[in-house]
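One structure is given here, and the rest of the page talks about it.
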């Protein structure tokens, strides 16, 4: 029996890492550019489709798999930059609700375009051979699951260290905290913002490319991860990488344990947790960057 | 004793802005808080009105502890407030601005502002709003103007109307004449004097214009770096050497 | 401008009133849908333009009304349908109240938006579990009721009667909302939207006004949903999803969120768009998504806002065109 729970916990951590991969870009986008990108899930989905287009149903090698994810990152990053230049920049002075609606519109647009381009069908995707192993330590552990956990931790460390320690990260944070002052100090604010946008969207793309092997590829892919990522970002505190990381794991565990404990009602654990956490701590775990 | 604040301390994170400020204001008094910028005047104001909760200290309004009471409840008890940069309902016209205030007052004092389905304000409410607007120098043809197009001085006057429409017992005025032209300033001072004379309302104000302070204030308090460095009646404070050094400047003369 | 506006409203009213005699049954069917969407969009705009809250999951309340009414009709509940409508409105109000209590603890624009979205998804999930509500298939072949009042009966199986029933309920709902926003409650809501702190300092309990606005909005959204059950005779989870939540948002922006009648104009435009793209899967999402972006960027004050600008009344061009 315990092995079942251990399995659920393992899966929960894997799911949590997957959520974090999606949430990282989202919370970064908010922290730096103060836009809450509703369309993040759509970009994630585009990343998945792009990667799939390169590797086919099963990537023939690990490097190809990773390479496809990187390509997805670049494609989505560029699309994101375009979106920022064309749309989000124009909405700088306007009440937040309008930016949200524009992002919502982008999400619908992307979903629609993808539906038209790729059709309604659902594709089953498999991880590359190198990652399709399984180990038994009393309960099954998939190599792919470990890979995801590794990616999640890597991205977390990269962002935390990158933002807080490296000079480039500090510039980005400076721009986030006080754009006017950063400008006055000679920082190329617009360029830094653009780079941050690119990184944030690229993260969505990479997440899509890496995670696609975890699920079947369909249009709802964006939706399910997206909502969980939203929850993680809100509960973690808008703009906080650390908060998103912790919250993502919490939600991953909740979802996983939920499917073990209440198999007839999947998904409800997450919402119950969301409501409880919002009631207890409305500003999030690390409210540093939110108002 | 209408307001009794003791030992107010306030910190923004690690920065302590108020170090144990106390003040007592009697009913009908006009009390002024002055001091250099950054002294903590605005913070103290915000604590007194309920926008911020102090880290320590108590505030009693007519004997009732209101330290943790949110702003809207204090407003219902009788606090009126104007802001340094006048805040009015900018997309609405003058009359509606005042109407909203009146209707709110009726609502929270248990009388109904009228049936919910009436699509214009009731006769009473309208009459009262018109009376207030006229009293403060807004002629009838302007009542339909949108508040956002008012000049700075007019906005302050409108804000005054809105604040007074709730029949407050204590008016908190944050730099009531800031940014005004000299004639507007005299206008406002006159209004305040008349108000005091007519209603005996208690006023707490922060101001930089010393002439106005000396004309209106019964008592003063001087803040510097979050501490009270002098308090008392205007003449005494004006002649206080510390105050002169810190704020007034050696050459200040009462006009 | 006001005179022109009044005439336009009258024309619209007459158009809908005389629709069964002016156009063929297919379009009459659309007209009925349009009226329902108008009530739905108005309920959303009530919350957005009057109380200042952007709900991204409003379809959930619509769904509450639609599903409950559908189930009641399917199971032949011996209750006068008018009573069912009232019950649905009450349930919508209750659901909205619960959501408001949870979400308004931190009414920051973004958290509010995301949480409304998440909670509406919760409703979708709950419906999806449920056998009673037909899982992913929804409830179909909904029978149209006959309502017996003491002296006469209203038989919704007759298309003409059905249409005028929907018409009457919608006009009533619109009228109620209009009275509300122009009354003292509406003024308090607007005060809360424009400057919550100033409102607090005249004694308005901002939180309470917001919760009340949300509750009322939910009630009207649910009423619109409930009307859908006998009109369309089929209720599916599509009526509770994100795309459907976007409809009132888009309709309000397109028509002009700052005007009470904005959503009406927007729904008419939207209905045309939906009708034209109904067979092309994905196209409606593209068009609505794309149009939403365009409207937000180029014409946030909507059609009515642009008309007013052209009429040269004021120079005010704030997004939303709030007056």
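Letters A, B and C mark the chains as written, and numbering starts fresh at 1 in each.
Assume a contact is a pair of C-beta atoms (placed from the backbone, for glycine too) under 8 Å apart; a residue touches a chain by one contact, two chains touch by 3 or more.
Quick caveat, the model's predicted, so the values are computed rather than measured.
S.K.: Would you mind telling me which chain pair, A-C or B-C, is linked by more contacting C-beta pairs?
M.R.: Taking the two pairs in turn, the one with more contacts turns out to be A-C.
S.K.: Return the chain whose centre of C-alpha atoms lies at maximal distance from the corresponding centre of chain B.
M.R.: So the chain farthest away from chain B turns out to be A.
S.K.: Approximately how many whole Å separate the CA-defined centres of chain A and chain B?
M.R.: Their C-alpha centroids are separated by 49 Å.
S.K.: What is the distance in Å between the mean C-alpha positions of chain A and chain C?
M.R.: The answer is 32 Å.
S.K.: Between chain B and chain C, tell me the centre distance in angstrom, where each centre is the average of that chain's C-alpha atoms.
M.R.: Using C-alpha averages as centres, the distance is 42 Å.
S.K.: Identify all positions of chain B at which a residue touches two or more other chains, and write them in rising order.
M.R.: none
S.K.: Looking at the complex, which residues from chain B come into contact with chain C?
M.R.: So the residues of chain B touching chain C come out as 49, 51, 70-72, 75-76, 79-81, 83, 87-92, 96, 99-101, 103-105, 107-108, 113-121, 146, 148, 162-163, 165-166.
S.K.: Please output the residues of chain A touching chain C within their complex, sorted ascending.
M.R.: Going by the criterion above, the answer is residues 30, 36, 87, 90-91, 94-98, 100-102, 104-116, 120, 223, 227, 230-231, 233-234, 238, 264-265, 267-268, 271, 274-275, 278-279, 282-283, 290-291.
S.K.: Once bound in the complex, which stretches of chain C touch chain B?
M.R.: Contacts found on chain C: 178-180, 182-185, 187-188, 190-191, 194-195, 197-206, 314, 316, 318, 322-323.
S.K.: Which residues of chain C touch chain A once you look at their complex with the stated criterion?
M.R.: Interface residues on the chain C side: 48, 54, 56, 102-103, 105-106, 108-111, 113-115, 117-119, 121-122, 125-126, 129, 242-243, 246, 249-250, 253, 281-293, 296-297, 300, 319-320.
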